[in-house]
Each structure stands twice: as C-alpha cells, then as structure tokens.
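Each chain gets a letter, A, B, C and D, in the order it is written, and its residues are counted from 1.
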Amino acid sequence: MYYVVTTAILVTMALALTRALVGPTVYDRVLAVNMFGTKTVLLVAIIAFLSGRPDFLDLALAYALINFVGVLAVLEFFQKKRHFGRRS
Amino acid sequence: MKYFGLYNYWVFTLLLMIGLYAVIAKANLVKKLLGLSIFQSAVFLLYISMAKVDGGTAPIIQHADEPQVFSNPLPHVLILTAIVVGISTIALGLAIVVRIREEYGTIEENEIQARDRDR
Amino acid sequence: MIVDVISFVLLALGAFFVFMGGLGALRLPDLYTRMHAASLTDSLGTILTLGGIMLQSGWSLATVKLLTILFFLMMTGPTASYALANAALLSRDDDAPALPPATGGRE
Amino acid sequence: MITAFGFVLLTLLVVTAVAIVVTPNLFVAVMLMSIFSLLMAATFFLLDAADVALTEAAIGAGMSTILFLGALALMGEREAKQAGRQRWLPLAVIALTAFTVIYATFDKPRLGDPAAPVHQHVAPWYLEQTPVLMEVSNVVTAVLAGFRAYDTLGEVLVILTAGIGVMLILANGRPDLSRQGRASASVGLRHHLIPRVVGQLLIPFIVLFGLYLQFHGEFGPGGGFQAGAIIAVGIVLHALLEGEAAGRAILPTPVLVGLMTGGALLFCAVGFAGMLLGGNFLDYAVLAANPVAGQQLGIHLVEAGVGITVTGTLVAAFHAFADREPAA
C-alpha cells in the first residue's frame, strides 16, 4: 500500500510540474510550487517508513516549516513590485 | 540491467550540460546564475550517487552491536558544506548583478558590452 | 490486524485524494478553481496519508513527529492558499486572471 | 521499487532544468528552481543522504528562493529576446561534451556497487572509528566537525567572505554599516492578517526546530549548517511579516557582523585551544581529561560556530537585498 501511495504522489508531482510548466499565469506556478512542497513532505514521510528509518521524519518536518516561508516571500515580492510599479 | 545502474550518471551529465548551456549561451545574468545553480546541483548529484551502497542506509549508527551497511559518509560531508557555500556564492553573484543593473540599467550581457564599447 | 486494515484504507483514500488534487490542478479551467481543487485535496490527502502511517507506527516518537508535521501542514497549507488567492485577486488589474464568471466555463 | 521512484524523480529533474533554462520569465524560472531543489532533496533522501537532503531542503526551498526573489525585486523579471545570437555553437559544444561524459560513464561502477573504489579507502575507517574515538552516532557530523574540521573551517571562511562581499557590494554610498537602512518602502505583510498571525506563530517553532537540529546533530540528521539555515529562515520570516525596519531591529547590522565573525572566531579559537593544551590545531582530544569527552566538546563548539556564522551570513545577505530600492 505504501507503494500505491508513493506512486500516486509521484504522479501528482508530475501533474503539478506540468501545471508549473504551462502556467498560464504566475499564480498558477506558485500554486504548483506549493502543491509540490506538500507532496514532498508526504513523499519523504512515506519513504522514511518504507526504508525503516522513522527517525528521518525530521526532514519532513523541516519541509513543512520551510515551504510556507517561500510562499510568503512570493507574496512580499508581488507586493513590492506593485508598490514600486505604481510609484514610477 | 547494467545500464539502469548508470541512469544517475546520465542525469548528472544532462543536468551539467543544461547548466553549462545556460551559462554560456544565455545573455541574461540572472539566467546565468540559475544555470550555475543547476550545474552545482548536478555535481552534488554525482557525489551523492557515488556514495550510495546497495542495501545501505544513511550513515547514522543506530545500534552499534548489530552490523549494518552504511552509505559512504565522506561525499555527504563534502556536499553538505558545498550546498551552503553554493548559496553564499550565489548571493554574492546576485549582489554583483544588482549593482550592474544599477550602473548599466540592464542585466543583458550583450547590452552591457554594447554600452562599454560606446564609452 | 484491524489497525492494519484501517490504516491501509486510510492510505488508499489518501492516495486517491492526492491524485485527484493533482488531476484537478491540471484539468480545471482557471486559477481559482484549480486552487480550490489543489488546496482542499492537499489537506484531506495529507490527513489521510499521515493518519495511515501514524496507525502503522503505533505509539512512538514517530507518531508525535507525524502529528507535529500534520499540525504545521494544517496551519500553513490553507494560509498559503489564502495568501496566494489574495495576491492574485489584488493584482487582477495587471496580469492576473479576472474573477471567474459565476457560471464557470472552459478556457 | 524505490530505485524506480528514484528514476521518476531524476526524469522530473531533467524536465524542470530544461524548463528553467527555456522560460523567458525570470520569476517563473525562480519558481521552477524551487521545484528543482525539492526534487533534488527528495533524490538525495532516496540515495540515503539524510543530512544532505536536510541541508538542501533548508537552503533550496527556503533561503535560495528568498534571495533570488529579493534580487529580482530590484530588476526586471523579463529576459530580453536574444536576436541574432548564435545558438548552434553552444549547442554543439554541449552536445559534444555530453557525448564524451556519457561515454565515460560506461566505465563507472554502477549505482550502489559496494566494490566501487570510493568505498575502499578512507570511508570504512571513518565508519569504524567514529563510534570508538568519538562515541557520536552521526558519522557525517563526526567527519564534518571532527575528522575533517580543517576543511570545514575553510568552508566557513568562504561563507564569511561571501557574506562580507554581499554587504560591501550592496552598501554603496553608505559605508557606515551601523546606520539603519532606508527600507521605509517595505512594510512587510503587516496588513495581511491571516498570514501574519500564522507566520508569527510559526517563528518560534522554526527557531526551536533549528536549535534542535543544532544540538541533536550528533545523534540524527542535523548540525550547524542545517540549523543555521533554518534559524536564518525563521528570522527572515519575521522581517517578511513585519517589514524591513522591524526585521532589522531585532538583529541590527553590527550584531549580524558580530555573529558572522564570531562564529568563525569560535571555530578558530577551538583550534588554537587544542594547540595551547598541547595537541595539534583542531585536535579536540586534549580539550577534556577524557579524550572522548574532549572530542564531543570540540564537535559541539565547532558546530555552534558553524551555525552562528551561517545564520549571520544568510540573514545579512537577505537584508542587503531587501534594504534596497530598485533603480529607476
């Protein structure tokens, strides 16, 4: 069953990557990146169990915490762009 | 079957060349830095692939008494530090690009060279 | 034994929802519907999958870590979706898509 | 089966890399780079490199995206059309090189071959002696901060130098580093209530997790580099949420400079302490009465130095970009 879930996650990663490649808007790509992050957390958690080293869940924890900051950085980027774009 | 074991190295080669292409063929300086990043990652992949041992696990000893197979810790150490050094040097490169943008008004290599020639 | 069955059912459902989310994000017609598909199934798929693993791991440090991961994902996932939708909505005057028509519709 | 998963990830890596190079929008390229890094980290994890995957996660998914976006905010995100630029020559060069390198891979031992030359020389010695000499379970940490600490010292100095370089390059016209930046433009995400509340809630957890990695690095994946990167992300998150000025207020530039240099100095000091006590440079065995305890003390101190320098450098680099206004 682990294999089924892993396969589903990998297929979803491929789908999300397709979305990131075709766009069409930048927001679609950010959405894809965000999806990708969650899928990586799940993938790492499952592989940690498959390989019998549940102590490596630390990695999944790191992803879960860090990914969010990336999205906020994107938000701040858009905001900055709008701010400076309007001024000039 | 033998060739499946080389797939990692082929991907390494492709990534290396994709990164190299961005560095030599793209005029945009940020694109060049992204290419450099890919190039770096390719090298990381090569080292980590070499460290893998069949049936092994990450080199963190759990139970000292039972024998376990571990992957090679040395490439891990080299790459671990290289990743952090990589981001610092990329930051330095980005800083230089930002200054170039402020001085020249562009980050395209050919436009920068054209402006230099006009001086 | 029963725990095994339950956890396998959870994992199977998790796999289904994860896949559905990916399919929705790829196939739906515009940004807002795609975001809807992606974020809802992300949450559900995560709960089910991590829940399935938790049942397998029993009472151990791993379960606590999994719970922590689940907690953080539940906090950050919806927030990230909100932030993204907000950014897209605010900047719709420049390059972002307009609000979807009430009836929906294909591109 | 896991090998097959690895193949899928590697194939996705190549697709992403091509897309990064091809896309004309730099913002999209940075987003794809973040996906690339996530894929790379998952691949490292599948290849049994937990420590490396952790570093790649902390750096690639977090800091690298943040720094690229910070730089992109200062310039246009469109790549100009390259009219009249030769394309066949670079393509021919890389095709030829790719062919040569792939031809060379046929002489390489296959993936995971235990008889490969790399596994014969020093690595078995490290794996054997680490539990004996240091009683540390994470061999990567033992090699990084113990056996090859001299190497790591060099890396830390490179990071420090790069950080100083970024600060100096972007401090044009105001060499007075102690002055508060003119970052009035950035108000952060203060008026986005939900992200702000959730973000503020996460900061202590991120920093706590970083500290856990710092001090747990001897027993599980972790260590100074990973911890430094993650703590830096936590501090950067505060600056993103509350605006540049507030972000700078918690760690003013002099403090950051102090952290950057202090960490490297701590590393050197441990080395010289070993010399003063009659050992070699960076010989920890003499630091305590018991050689094993001395080794562990030395590793702790050195890892702390690494963590401090990495945190300082990454945060300083972020501020250097975020503090600037785009040129007209």
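Annotations for the structure displayed:
In this text, contacts are C-beta pairs under 8 Å (C-beta built on N, C-alpha and C of every residue); 3 or more make two chains touch, one makes a residue touch a chain.
As the structure is a computational prediction, the values presented were derived from the model and not from experiment.
For the pairs A-B and A-D, the larger set of C-beta contacts lies at A-D. Distance between Cα centroids is largest for the pairing of subunit B with C. Subunit A and subunit D have centres, each the mean of its CA atoms, that are 19 Å apart.
Each chain gets one centre point, the mean of its Cα atoms, and the points for subunit C and subunit D are 29 Å apart.
Subunit B and subunit D, compared by their mean Cα positions, are separated by 12 Å. Counting only residues that touch two or more partner chains, subunit B has 57-58, 60, 62. In subunit C, 72, 76, 79, 83, 86 are the positions where the chain touches two or more neighbouring chains simultaneously. Each of the following residues of subunit A touches two or more other chains: 13-14, 26, 30, 32, 51, 53, 55-56, 58, 61, 65, 67-68, 72, 74-75, 79. Which chains touch which is summed up as A-B, A-C, A-D, B-D, C-D.
On the subunit B side of its complex with subunit A, the touching residues are 57-58, 60, 62.
Only residues 3, 6-7, 10-11, 13-14, 17-18, 20-21, 26, 29-30, 33, 36-37, 40, 43-44, 47-52, 55-56, 59-60, 63-64, 67-68, 71-72, 74-76, 79-80, 82, 85, 87, 90-91, 93-95, 97-98, 101-102, 105-106, 108, 110-114, 116, 118-119, 122-123, 126-127, 130-131, 137-140, 142-144, 148, 151-152, 155, 158-159, 162-163, 165-166, 169-170, 172, 219-221, 223, 225, 228-229, 310, 313-314, 317, 320-321, 324, 327 of subunit D touch subunit B when the two sit together in their complex. Residues 3, 6, 10, 13-14, 17, 20-21, 23, 26, 29-30, 32-33, 36-37, 40, 43-44, 47, 50-51, 53, 55-56, 58-59, 61-63, 65-70, 72-77, 79-81, 83-84, 88 of subunit A touch subunit D in their complex. Of all the residues in subunit C, the ones that touch subunit A in their complex are 8, 11-12, 14-16, 18-19, 21-23, 25-26, 31, 34-35, 38, 42, 45-46, 49-50, 52-53, 56-57, 60-62, 65-66, 68-69, 72-73, 76-77, 79-81, 83-84, 86-88, 90-91, 94-97. Looking at the complex, you find that subunit A touches subunit C at residues 1-2, 4-5, 7-9, 11-16, 18-19, 25-28, 30-32, 34-35, 38-39, 41-42, 45-46, 49, 54-55, 57-58, 60-61, 64-65, 67-68, 71-72, 74-75, 78-79, 82, 85.
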